[in-house]
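In the part that follows, the structures are each spelled out as structure tokens.
The same chain A turns up in both complexes below, where it pairs with chain B and then with chain C.
Presenting the complex of A and B:
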């Protein structure tokens, strides 16, 4: 024991003023401490601030949204002009009857279907590349990736809007200068990416999201690659295995848990996209370009009259979709022993 | 873009020769060495193409910010401003183009909200992570699972209720409301990350200090706190990014309270005003983006370690 307490002293900075608080105060503190110890209250006391914050800002609003979704809650109900009534599933049925809802769901799902694999593939390729490059070159590439990653989403969205702008945007100019056989025979000069249609707008959003998200995947894959013993890869290479085979037979199986987490995180992030689509689609301009988040936001705040009940129902549907994905995430985390 | 990249890749063969560790082959393997050199040169070229493609949008943002407007809307855009000017930055700082104030005002708002969030979230999550890592109590596992699920609830799903609640509390059009929401939003991930750091500190240290008569608070402040500092750096980075980038809550809460706008809301407002003020808008975006890029470059090592510890290993 003496040895251990010696260590403890070593941890304390030397020359600390050994100033215990005044006698009475110390006595009271001691009694309170004894009470806490006797009833094993310490963990609960430590948890209280976090629990209060999470409960009031995250859990209680969720409960409220669930309640709203079964009510006719709106401005008249808040001001007391009309009574709040339970409307059963009316908000849900009217949402499911709304073709705009299905359009925004389709936009959301299509974006995820394209962007999730694109991000994972691009990120993995860059991760593998970083692992093979020399020190200086790897530092250069990873610094570039870090900068894209660091760019705030709103800043990136405004920037991409400018890049594809029909008046003076550099993308249209480049496309119009490239040979026609390469970019189709369209006239790209002054091509309007953001208002021509949902497809064009989502091409821009997809490129933007991949640009911002691939660095995280690359860095995570690289961290995973460092854990694979180099002898294993050397041996496979000496035996004449192609890089493609080495990846699928060794690298991929060993990094599978990481890929699973990255896949689920990417799906969740891409379903949650709000700021980027808000900027690129010019909210609230083009309703056929909404994703679920924008559709929800429109129904709750932008349309007249705002309907919190309808918004709540959409929010609940949205949250349930994400919950299904999250359960997959939690299960894979638990299986990796995250609760230990 | 093709020509410079291949040129640069071919130029420094010294950099393309990391093969020192592998050069244990017999001296006669000249052809193998050549293929290796070709392979590493093409890898380098590929790396340069990726890096340049990745950097281009940011380069264009900065380049536009320094261009006078006749160059911005010229029919043949130039990569580098021919007549670089600070005019766009001056316009953003004076506030005359956006019409709602100098960029410094919004910078100050963002900084205040971000720093307060980092402080509150770090302190609260440190306390909670000690509880989770140091004590076995009932509902501990449920609490951890709750954190995992809660961190996935999108702000979009809660925004309606948050808006109505904070309206009732009179916390809508000010920065305090944002600080409260951001701090709570940062908690689940912060606790989850910090708990790993606390768990690695040997328990004997605290026990020994307790035997020596140190109070719980003293143990916490003098022993646990310094040792868990690297973890706090990681969670601070996370809280910083969360608060600095946050959009939907600020957009909904701040409404028309222009003088309380944070940087992303300011940039959005500026953008939404139309009138094709791309020079000043890019200047504003640059001023919003550069600080956080510099911040990322400073903390890059911790960023990678912290995020992988939090996201991958769990």
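Presenting the complex of A and C:
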């Protein structure tokens, strides 16, 4: 960095080991400075340390994941009892042939299909309500909601695990005390939500995720609502528009960019759910309740023997699915002018 | 102010760097594996939860070790307790990072072939050959730790599962002798439920391979057999299917096991160590519970109310009179391949696993020692709790649970637990078993389901 300006050299002690005369050095530093100024390189130079850092901790591991996904890389390769071999697409084909991969993909997609709209709708409604509440009440409600958001996912998952526990969980207890015509069956006592099947487990996970995720949506929507000029809303009301119409004709179009970002973030977050499903389904053991993250973790790390090659391949497939969804949605939105 | 604070931070950083360098220096100075230099400490990985009696036992062993090998008298022995569910991840982390590994590790006997094949365990063939007690080990059990004629671990203790019950409950339900056939087992379970309304008769968790195999074997079936050097899975033979159907029907048609055990291990939700059929048995809401004698301390931790009534009988075979073969479970001790102190580690193993110490340990924890000379101990037959298990120990099988890819089949792919879960959820019987059978055969032969 000393090369950016000649001044930097002034503070360096004289007689550097390269033994060049001071004048020549200053001249070169000046020429380098001119070069940087002429080509407007300063911002890039300032960005370099951060980029190098990111490359080291993010890009290089990414490259390694790609390399591993085409190898038989595992423990014997690390300890040196077996050689590392290129296996072509074998990791990918065996993943696609594995029925558990499709099962976990289905669990992941189904969860996202339910949870993403539920989170967005719940968050938007709460955001709209917050906008109409008085200052004190709004502060109270948003604080209460944000506490759910601030709860660490693991703590929240353990909490829900206890709530639905077949032995003394409050959910089963309540359901078994309610009149049977209301809850459909009288078999709720000791009902095991978490390991009986994927559907039951993901009902719990869906409620948990929505509960934790809607406050962020609500606060973001609220922030967006504050930017809508009140004259617009007032004019609409004077013209006799119903709240429903006001929302779809004014609020929604104006907040569309915010909704787009929130939708994309929600899709990415809900595809990546790991800790909650790990705790609720009791990893490892119930493979029919895996989502993609658990499946990936199982193959890469928790297996005997673990296979980083297989894990890398699944990670790439996973990333590709998200990329397709994201890029597709952003493209269509840009065409509609939502991001303009 | 700012200056002092940053100077302090700098000082800290330097001190930390110094410590790190010091540690690194230490590690490298003790490097030659066979060097006589005494290590500063040895790390032993034990599986499960720390229990006071095991700590006392280990302290006694270390004292003996210091006495027998005076060169290690200043060596500290550190025991780390690894929950069973975390063992694979912890071994893997230690192997891949090359750091934080043990010098000695306990292994489940079904883990040893797979872990040794990964290069995690030191070859201790010459040590075992030179060891005076080596020849007293039950030969089949030592063979389990041997790959191509090389030893990678030594058996430490063994154990078999049986069925726990309460003597007073049997008396009240009018059961005079332990069941020896499946028909008797079910009728006894129903009699107990009648005598104790609100309880379940016999717990059948779906994620319980080591018990389910006894029902396969008890009907004369096999999980898989070796033919011409290849594994042939036999889950769908008529005998094996009879065993699987019986186990699933404990829930489905006989209703002696609750639905909440679907997807659970005998200890509850996978990964948990309590909250399942173990807890229900200790609380008295489950009348008969399948597990080994080692469960005693954790059952006591839930409730000691019925402790005096606890007794056991072997898992019956389909038509009696002999019990179903029990899976010969147990633990081994291995020296970690990356340990810098292999000689000291083996010396400690030789004391931990001396016939006297291994027997005291096994007896205190409800296991059986791995030495032929110790198994004839009359104490086992006379204890009401142990007699059933001791009887079961006479009828054991381990194959194919000790094959190289069994860890993949059971711990990773959960083939038998998944199959049993589907069956208990009412899936088509033949299709489910056939699918599991194909997967099992593929994994045992190639390490992959497909």
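Here is the rule we go by: the second predicted complex is superposed on the first by the 275 of 340 C-alpha atoms of A that agree within 3 Å, B and C clash if a C-alpha of one lies under 4 Å from a C-alpha of the other, contacts with A are read in each partner's own complex, and residues count from 1 in each chain.
In the analysis below, contacts are C-beta pairs under 8 Å (C-beta built on N, C-alpha and C of every residue); 3 or more make two chains touch, one makes a residue touch a chain.
Since the model is a prediction, treat every value here as computed from it, not as a measurement.
In the superposed model, A:153 lies in contact with chain B only, and not with chain C.
Of the two partner chains placed by the overlay, only chain B lies in contact with A:43; chain C stays clear of it.
Applying the stated contact rule after C-alpha superposition, one finds that A:240 touches neither chain B nor chain C. After overlaying the two complexes on the shared chain, residue contacts for A:223 are found with chain B alone; chain C is out of touch.
Of the two partner chains placed by the overlay, chain B and chain C both lie in contact with A:78. Touch criterion met: A:197 reaches chain C, while chain B stays clear of it. For chain A, the partner that touches more of its residues is B, with chain B and chain C as the two candidates. Shared-chain residue A:179: touches no atom of chain B or chain C.
On chain A, the surface touched by chain B in one complex and the surface touched by chain C in the other have residues 78, 161, 165, 167, 301 in common. Of all residues in chain C, those touching chain A in their complex are 85, 88-89, 92, 95-96, 111, 114-115, 117-120, 207, 258-265, 268-272, 275, 279-280, 337, 407-408, 411-414, 417-418, 421-422, 425, 447-450. For chain B in complex with chain A, the touching residues are 15-18, 40, 43-44, 46-48, 50-52, 54-55, 57-58, 60-61, 64, 72-74, 76-77, 124-125, 127-128, 130-132, 134-135, 137, 140-141, 143-150, 152-165, 180-181, 183-185, 187-188, 191, 204-205, 207-209, 211-212, 215-216, 222-223, 226-227, 244-245, 247-248, 251-252, 263-264, 267-268, 271, 276, 278, 281-282, 285, 288-289, 292-293, 295-297, 300, 303-304, 307-308, 311-314.
Residues of chain A touching chain C in their complex: 74-76, 78-81, 94, 97-98, 100, 161, 165-167, 190-192, 194-197, 282-289, 298-299, 301-306.
Within the complex formed with chain B, the residues of chain A that make contact are 1, 4-5, 7-9, 11-13, 16, 29-30, 33, 36, 40, 42-44, 46-47, 49-51, 53-54, 56-62, 64-65, 68, 78, 126, 129, 132-138, 140-141, 143-156, 158-163, 165, 167-168, 170, 173, 211, 216, 219-220, 223-224, 258, 261-262, 265, 268, 271-272, 274-275, 278-279, 292-293, 296-297, 300-301, 308, 311-312, 315-316, 318-319, 322-323, 325-326, 329-330, 333-334, 336-339.
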